[in-house]
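Sending over a structure as structure tokens; questions will come in a sec.
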Amino acid sequence: MTTLTKPDTSSAPQDPAGDAPFLSVRDLYVRFATEDGTVKAVDGLSFDLERGETLGIVGESGSGKSVTNLAILGLHNPRNTTITGEILLDGQELTGASQRTLERLRGNKMAMIFQDSLTALSPYYTVGRQIAEPFMKHTGASRREARARAIEMLAKVGIPQPQTRVDDYPHQFSGGMRQRAMIALALVCDPALLIADEPTTALDVTVQAQVLDLLKDLQQETGTAIILITHDLGVIANTADKVVVMYAGRAVERGTTREILKEPQHPYAWGLLGSIPRLTASVDVPLAPIPGSPPSLLNPPSGCPFHTRCAFTATVGGDRCSTERPQLPDGRGSACHLTAEQKRDIFIEQIQPRLR
Amino acid sequence: MLRFLVRRVLGAAVILVLISFVTYLLFFALPSDPALLSCGKNCNPQNLALIHKNLGLDKPIPVQWWNYVVGIFAGRHLPLGNCPAPCFGLSFNNDTSVWSLLKDRYPTTLSLAIGGSVTFLVIGVGLGLISAWKQGSVFDRVASSISLLGQSVQIYFIGPLAIYLFSVQLGWLDRGHDPDWTSDPVGSLTGLVLPCLIMSVIFWSNYSRQTRSLMVEQLSEEHVRTARAKGMGSKYVFFRYALRGAMGPIVTIFGIDLGSVFGGAIITEATFGLHGLGNLAVSAVLQSDLPLEMGVMLVGATSIVFFNILIDACYAFIDPRIRLA
Amino acid sequence: MSEQQQQSLEKASTLEPTPSLAKVPEQRPEPGERLLEVTGLRKYFPINGGFIFQRRVGDVRAVDGVDFHIDKGEALGMVGESGCGKSTTGRLVTRLLEPTDGKVVYAGQDITHADRKQLAPIRSEIQMIFQDPYASLNPRQTVGTIISGPMEVNHLNPPGGREKRVRELLEIVGLNPEHYNRFPHEFSGGQRQRIGVARALALNPKLIVADEPVSALDVSIQAQVVNLLQQVQQELGIAFLFIAHDLAIVRHFSQRVAVMYLGKIVEVGDRDSIYNKPRHPYTHALLSAAPEADPDDDGRERIRLAGDVPSPINPPSGCRFRTRCWKAQDLCASEEPPLIQLGGSKDGHLTACHFPEEPTVAARDEDIVLDPALAAIEEAADKTL
């Protein structure tokens, strides 16, 4: 079994050596203009990522996790989207970069894997051609070299008979095969940053395990930094080194995977963990869901966005939760008005017993 | 692919047989007797019976129809003259071979249909592509207003206006004449420019709107986003990925429009005084000329069926999911 | 388990009667009252094709000989991957589809080929909850109309009137009774699924078939609906056929669990047997693949299969799992293993396998990695270490 290097738990800004992190996102805001008003899809998000590391971004639908990553790649629709903040990839500023600059980076230094490989691959071109295209564009390889590279990549991700399957169309592949082809496509230029948006959500359980392990193993080989976007804490536990939990466009908690899963601090993270049944937990304890539903990003709640569903606003006292926005500290921490002692006590007394 | 084509051709043959039979039935359902027309003023029963016999109208309808169908492939010896295959009969009106009439007229209609189609596809799809590329621009908005206007005009209204303006007043364009591709290809082409342009007006506005909305839809498709995520340039993504996806539906719409295209060609003929199948059909109906009616009907139907198969083949060529299903 | 035991076990299983004769033996220690009994259930969907004339050229064998039963008030979970036939089974049981072969007996009555009239009284007792809360509610009807619809169709007039009953139901499923006159689009996904539950409860059903009832919902909302269904099951004593792909949710909800693969039940038993002492290699693979939100989760075996589930159009001969199984031998291709009680399994725990696994999910000495790409990379990595 492969073992991942233990991630550096302190986040980069405190790095005494002064080396900038490989990817640094600072105060990212993404807004969409719609007919109904402005959607605050991402609202002041910051995180860092080092080479060879996997960052999990966890959140439910509408939490802004996918939008963040489309913004990093510059794939948002510029007509109705405004992005402010800083995205530094290996020292290069990406917000406001020209399309030409981004095109040179996309598929080359940074690549993306999408959720549904059936719709994310073009039905009109062979799998081989779709993999070869970016290789030709970014390396200047000839058609023949690119085809050889496509076959090599297909073999690497475990497509049987890659020499013949390279000429197949996506619809001739099974779901698991297609997702592997998608991975081959993303990795064809050895990207330094790979963004995987729910890469296994559309797959069956046994195939999901194969594909996740494959991603992990390939990362070992190439040292790619991975951002893994998912709603599934189980996937996170298996693959990520550190985690950002997002809610209503904001990061509400940050820590190592172990910290997030074992000692979560934010009431939303408690809710998420309490909502999922486990294979080993007692079946007689009912699940502890979060009441209500996620808020609309057209009109997000004031103060802490989670206060409308939070059971601990009274513990904080007054109307602080609904008026004052809690800040997320750099490094390990959560954006919540509860004091560190309160968080610890509530977790140990009320939350932890339910997670066993 | 071959299986598919063979199946479609066989299906088309069945359709054509049905069409010919229904046309026969309809003709005899009408109260007028073609023999009376050619019998003239001094008509007596003996004359009438003779004419009936000469025209082949004395036999039962299914037998007449069967002889007709066999004649197309094998030729016939008719009382009024010999008719080699492909025999579509002799015109009741002037005993000339229907096939020679069709051969004479069909090129005009086909040239108009093809020329008009090419014109409106180029203009319509082209405008739609530019609108989609420059979404929300002044061009986009002007193009969409013009499209609305284009859909509300009629060929027989703008045709004469265009002749007056462009050929009589300005002298820029030929006022339109029948093409003769073998002896004068250049003249045939210039003679078709104005009719094709006018005919295209009623079609291209629809295609520009459809193309624009299809492209906008395609540009937000996930596979197009993947192409952008690979770092492919925006023009490349636009033409290779989005347009490729929009082509199928455009071809489908064109397939549905085929009937209207031939209809449009016939109206254009009339407007520009050209000699195509249109006025042949009109005179055939007015004179109860069964063989001519049948001929025009079958040639028109065969054309539409043939182009439909061509379009299906195009569709399979565009979309590998259909080709390899 | 010793090797000897293993061998005797294999022998025992191969000596069992042929699969067509194999029935689910009634070996529950305290058999409750049977509500539903399904035997030899098959559903083939014809594939038409051919040159010129359309004819039947093959079948999708969605469900291909399935036996199970559900007792009164019991929740049977059904897990499996896409294409295993679990949803089709649900639709056969509710008779939304007519079986190709086999028998569905509900409360002693054979409903396999019952017509609409015969089904009418039973339809009110078997209800269905669907996966997609957006597509399964008529957008033009109010919540009141949607929920009272089943009562109207069945000419049911509860005391106090239908409206009163609808308000009661809304309260039971945790919605505001005042929302009687609202339309589905005014509700969130989770609330819509509650409306679906209320509609299913409107006729006091005895059996609810829930087909992936929470998989379209967000994680935090899933738990709300699971809790609601569990409460309904326990408090109203309604039996459930709970169909889902999420192993943890099925475990949480069901007293007994059936594991399906390519149209067959490969293993069935009570919850603890299936999750702690599985015998079928596929069950092992499934459990090992299920992601668990626990960083300390290293004590479990690691099994990584190769490839995807084969097509149900031309399923493998003999045991259908053999093409992806690490224990497969010649026998597996020639003879279909019957679903039987194995030595060493708890009563009522049935497995269809010629060469069953040890009844444990603990980590093995060596991982089973069948995926060629994974195996290659991991082998290379091991060498460099």
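Residue numbering begins at 1 within each chain, and the chains themselves are lettered A, B and C in the order written.
In this section, contacts are C-beta pairs under 8 Å (C-beta built on N, C-alpha and C of every residue); 3 or more make two chains touch, one makes a residue touch a chain.
Quick caveat: nothing in here was measured; it's all calculated off a predicted structure.
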Self-check item: Comparison of A-C and A-B (more C-beta pairs in contact)
Solution: A-C
Exercise. Tell me, please, which chain's centre (mean of its C-alpha atoms) is farthest from the centre of subunit A?
Key: B
Quiz item: So what's the Cα centroid distance for subunit A and subunit B, whole Å?
Solution: 55
Self-check item: subunit A and subunit C, separation of their C-alpha mean positions in angstrom
Solution: 31
Quiz item: Can you list the residues on subunit A that touch subunit B in the complex?
Solution: 73, 75, 79, 99, 102-108, 111-112, 114, 116, 119-124, 130, 133-134, 137-138, 169, 171-172, 185
Quiz prompt | subunit C-facing residues of subunit A, complex | solution = 1-2, 60-61, 155-158, 160, 174-177, 180, 204-210, 212-214, 217-218, 220-221, 231-238, 257-258, 261-262, 271-280, 283, 286-291, 293-294
Self-check item: subunit C residues touching subunit A - in the complex, by the definition given at the top
Solution: 81-82, 188-191, 218-224, 226-227, 230, 245, 247-249, 251-252, 271, 275, 285-297, 302, 304-309, 367, 371-374, 377-378, 380-381
Practice problem: Sort out for me which residues of subunit B touch subunit A in the complex. | Solution: 135-136, 221-234, 241, 244-245, 318-321, 324
